[in-house]
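So that you can tell them apart, the chains are marked A, B, C, D and E in the order they are listed, and the count of residues begins at 1 in each.
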């Protein structure tokens, strides 16, 4: 993959601790380091990645006119085979990827040219699939970092998060790296909520968690969604996810293959057979 | 005036590397002599002398031989002033100078091992070998009734050689060396060395190092911690810089460096006239090395090393009229007329044995933040 | 075949594995489930030689293999795959397979200089075998592709393929299903069953997907807090109160409310 | 342009530079640059084996090169029976005692169960062993060093032909590398870089301070040569005649003859090593090394003993550096421990490998020749440039003098700039891997 | 009395120099460890960065001295320090802009950055010598001693003197202040926390709205301040010579690694361990023993000072053997 193609990333397998530190190395490359202009657009859904086409760096297009959208109070779920471009679509919406055609709009504003940081400021919260907490920092510091862009008093929001995830209050002074998998996911979602986002994006929040934690997480997600926050999420546990989804997208090779409500997709025999494992 | 021909003389010194701070003044010293000769218009019927500098790096034998090779085979120099450090000097000598038959006079390589080097009569040095200096230091200290000293030396052939020969001479004369500890030049910290030296104790600390290197670092630390109040400074330490660094703090110390007489060193300082630091170590030796090459050429009437290599000893030693620093024109004149000279130069050159300086030393006493001549040995 | 006796693994004061004992029967496909942090991966790493146990013993066919490094276990027929595919990304898929067999004479430097003929013969045989395996995995067309550039699921197949290059006795699979599309997971499941039936491989599978476990595994072992909590068929496990409490749960609480509200 | 075409052109370019030196300066200079370039190329192959093939970051090249140099002294200088009689054997005994102490301590740490008892036992063994070692070592060393310190004072060598010192240098370096690799690669995380950096300094410290071994900083000069002496050739009537037949004066002819002799020897060694490295790279061994580089954990799970292979590569690469070190000392004709500096022997070799192309043996050779050429020639070029820049200034303007004085420092600057430019615009080097 | 003498001798030759040298190493190691923790590579150019900062301090000090501006008993260099830090900041930011940033954008492997830093080391090496030359430079002035050996002897009537140099005092005080400031900054301020967050998880930091380029800039700012301070204090205490700063690199790395790379606390502990191991293990105990009543025949020196560096290195290896991540389990910042 990119490992062997980018000559600057060829470390020749060196793992020498005395000269290099691989802890927490970043993989994301923002498409725009400096924000460009935004423009107002009327109408449309609250958040929409509209007919996005684009790929990584100078590489080939991975998304082909892919559209995903979500409105307040909704849970929208993206499913699809591995490598379909689900995570890529999320990243594109978040500005980690050059959208070569199409646009991203949030709350009536075209934000295609914004840097990721500015999208955070505009009210987008993102929870990546893996390594989604600061392991060496305490739970509380994790939440503080979630509110990094805020200049106002954050204690109120923090109380709300603790109310939503009571276990976190108990462990507030513990390094987040010492928590169990399920608790970590709660920290991750809590961190994203600290921004007081206008929309929450989750990339496979339940990958690798046990059924009981998965249920609990879905419960929390529903709770959050009921506060009116739009949630856009990628899931491989497609059946459970579609059950709670208001809107579902099936992506195949970077294109929208099926779109509908969660129920419709669950009922569609073609979808069941090809993507939900029968 | 108009010069009929050009004589090129190479100057190979470590312009980069560990003694890079000493070498510019050394090169200036050598070039001063060349300029003097050129200006006189006396050499080989009005030849002009052009210096060609090259970097010996002091430590990298490969780069040094390459530089020397370039000087000889490409620039076509007729003689070489250098090199500085004994290691690269040996390499240049055996790999370049001897095979090409070019005379080489080092102003600062003091290693006794070079005395035995296979040189085909091409190698000389204006710095006395360590053995002589060891004896001189012993005399000075014994005269002051100092029987117990500590020694620290810069960890190279110069320092080690000097420390060894001093220890041998001193112990033979009934003295005791409490410790002989090496220090690496350019290292970060000398507390450990000073701690060991202080613990061993002694009436005086002999610092066989370089003034702008670890030598000063050791003296600084020894003074500050009160480990030693007085020192003996061999030639690598004696310079203006030392006084600048320590002023009155080293009052009561002794020192010695190769210098024939007060007049000569004053004459040298006068000649330099502040153009560079005339007291920096080995700069008068560099002047003398260059002068010797040119005088020998004049004596042989040829700029070919094969011809003039045998003349080096002749012009350097008696019999003949004594030629001091700044009197190169006079020397050339005498030689031209078939006379004999005894070049004394800035350091009282006297070549013995296989072509090394015999070494007249000026004994120095440090008083009131100044160095005063206590005598000559 | 594998017997784990009272294994403990402590990280500082933390007891990740706390006296686990279990047995894995020859020819079985054993499922290993348990809550996050139960110590499954850690136990796995202890057996596979990545971690040294604090105490306890692991034997394979009666032979003590405790603390042997992975490369030695490999030569004893104990292989593992990784939760995140660990392909050799700059090498072709065929090379990925060809590098697997141990004791290749071409791996000795001496032979690379003085035994070139032998190496050439061996290489031909290896390449043929690798192509056979690719065929089995239905990815022959990828033989010359760089392994770094095939899809995630294909990488997982390749991982499985590596176990087929040698005569493995027992293969450990760590969360093959996590992040894998269910349809592809079924393909992998089929491959596992075929290997089990046709070649007699023993498998140990860590997985959170109960459907997948149910399709493949006969004995299922549930771990919690570093100990074995229950063991039996999946049905038995699913009925176990403790397991439900610690691991399976009773389903979504809010779903009904959600539907009511919507 | 196709890759082979480009590579050929690159090599032709470097060859052209050397030929140009021959015409512009002198053939002696050109050959000398080439000889040191060949030696550098061998060092670069060693480092390339470690870094290019296995990702091992060896910043202690200097140490292995120095050990190669030591081998030359130990193999080729004359036997000194009086030194052996005085204390040589005692020193060997002391060293054996020291080694035994370390082995005993390791045994204790393995056998005795963990706890205070083990710590105490280990301390007792180590301290006791240390004092015993010093008790035997010190008097014997003094005895050896007392014998004619100005010209000898060491245990001498075996008096064997100097060419034998080259493989001996490899062995010595390999032995040291094995010890370092065993420790640093055996630690739970890889700490090779700092280990090699430190050990190289220690090796130099030993060379400098253990006078009984190779005279320390007093240097060993006049080492034997595998080629004739120029003076002898100049005195050989037959040679002079042949030289005259070719229109050369005896001095030029003899110096060129000797240098060509070295070139041939070095070239043979380089070609052999290059062939061996290429063969290894293209075999299953090379495939295994690539697999290890790509993914260590997986390679380990696939039955490859990663630590052992790393150790193997590290030892081999270091041995090659040892050979190069021995060759260099032979070419210099002397061993000067003070001359080993990390900038020149470690970091410069790294520049060669990176610029040439890590992972590609031909790249390493090209990089070595090119960088060595520049290392030597940047100085005159820099001076020339400075003179050009300052030609408009007054004869004694301070700036002008300063600039000209600084010309020598352009060497380091230039190396840095070249390294950065290559890393930026051609990060895989001039001749990339595959 | 004799016991006191022994104690004083030991303090004078072991304790005080060890503490001063340890502080200097610690400040250097802090810079190395910060870069390692946040930018994720070992910076081979750190020694030369220190040299550059110190060089500016020397030049500014000379200028102040020429203008007659001073600090009385304190060295003028302290007054020049802020300017030197500014100069060093400028250099590092320009370097980052021209060199490192490109590789960050390429997501280059950290080891590539290590090699890049080698190139930067070569260039800075040449640059410093180009500007100020290779020589030893003196720029210390003001009162030399807090207590000099002579005064101490007079005051106490002991045979042994105790020296505390002004520079040693300043070094320790400044080191303490720098460390306290750094801890406060990293653990309590918003920017500090964002740096820790970046060091912990770059991607997530980005997603939290932390601007990576700002973090990197702050890192260079702090590193420049630390490096310059370390370089100036070192230069004041010993002397300024470009070559020496390159040589400092190895003990500084050793300190950072012994302490645990990435851990500021470890860097400090490491600095002292390396400094004290150099001084104590090679100390000749003869004098101390004499005061204690023994009459040793030799110097009672465990190892000759030639091997002082080997000692600190062996200690490094032993620490790694028992604590593979260093004393303070080198977690990131």
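To be clear about the criterion, a contact is a pair of C-beta atoms (placed from the backbone, for glycine too) under 8 Å apart; a residue touches a chain by one contact, two chains touch by 3 or more.
Just so it is clear, the structure is predicted and the values come from calculations on it, not from any experiment.
With one step meaning two chains touch, work out the least steps from subunit C to subunit E.
Steps on the shortest route: 2.
When you check each chain against subunit A and subunit E, which touch both of them?
For subunit A paired with subunit E, the chains in contact with each are D, in label order.
Return the chains shared as contacts by subunit A and subunit B, ordered by label.
The common neighbours are D, E.
As a test of understanding: of all chains, whose mean C-alpha position lies farthest from that of subunit A?
B
Quick check: more C-beta contact pairs in C-D or A-D?
Of the two interfaces, C-D and A-D, more C-beta pairs touch across C-D.
Whole-Å distance, subunit B centre to subunit E centre, using C-alpha means?
That gives a centre separation of 36 Å.
Can you compute the centre-to-centre distance for subunit B and subunit D, using the mean CA position of each chain? Integer Å is fine.
32
Round to the nearest whole Å and give the separation of the Cα centres of subunit B and subunit C.
Centre-to-centre distance between subunit B and subunit C: 74 Å.
Could you say which residues in subunit B touch two or more other chains, in rising order?
Answer for subunit B, listing residues that touch two or more other chains: 16, 20, 155, 182.
What positions in subunit D touch 2 or more of the other chains?
Where subunit D meets two or more other chains at a single residue, that happens at 55, 57, 189, 191, 193-195, 208-209, 294-295, 405, 409, 411-412, 427.
Show the residues in subunit E shared as contacts by 2 or more other chains, in ascending order.
As it turns out, subunit E has residues touching two or more other chains at 42, 111-112, 114, 129, 133-134, 253, 257, 304, 306, 324-325.
Which pairs of chains touch each other?
Between chains, contact exists in these pairs: A-C, A-D, A-E, B-D, B-E, C-D, D-E.
Quick one: in the complex, what on subunit C touches subunit A?
33-37, 83, 89-90, 146, 148-149, 151-153, 175, 178-186, 208, 210-211, 246-255, 258, 261-262
In the complex formed with subunit D, which residues of subunit B make contact?
Residues 15-17, 20, 24, 53-55, 57, 59-63, 65-67, 69-70, 72-74, 85-88, 90-91, 94-95, 98-101, 111-114, 116-118, 120, 131, 155-157, 159-161, 164-165, 182 of subunit B touch subunit D in their complex.
Can you name the residues of subunit E that touch subunit B in the complex?
9, 12-14, 17-18, 21, 24, 129, 133-136, 138, 144-145, 148-150, 152-153, 161, 163, 165, 234, 238-239, 241, 243-244, 247-248, 251, 275, 278-279, 282-288, 299, 301, 304-306, 308
Show me the residue ranges of subunit A that touch subunit C in the complex, using the header's touch definition.
Result: residues 1, 3-4, 80-83, 129, 180-182, 204, 207-216, 218-219, 222-223, 226, 236, 238, 240, 243-244, 246, 274-278 of subunit A touch subunit C.
Can you list the subunit D residues touching subunit C in their complex?
Residue positions touching the partner: 276, 279-280, 283-288, 290-291, 294-295, 297-306, 312, 316.
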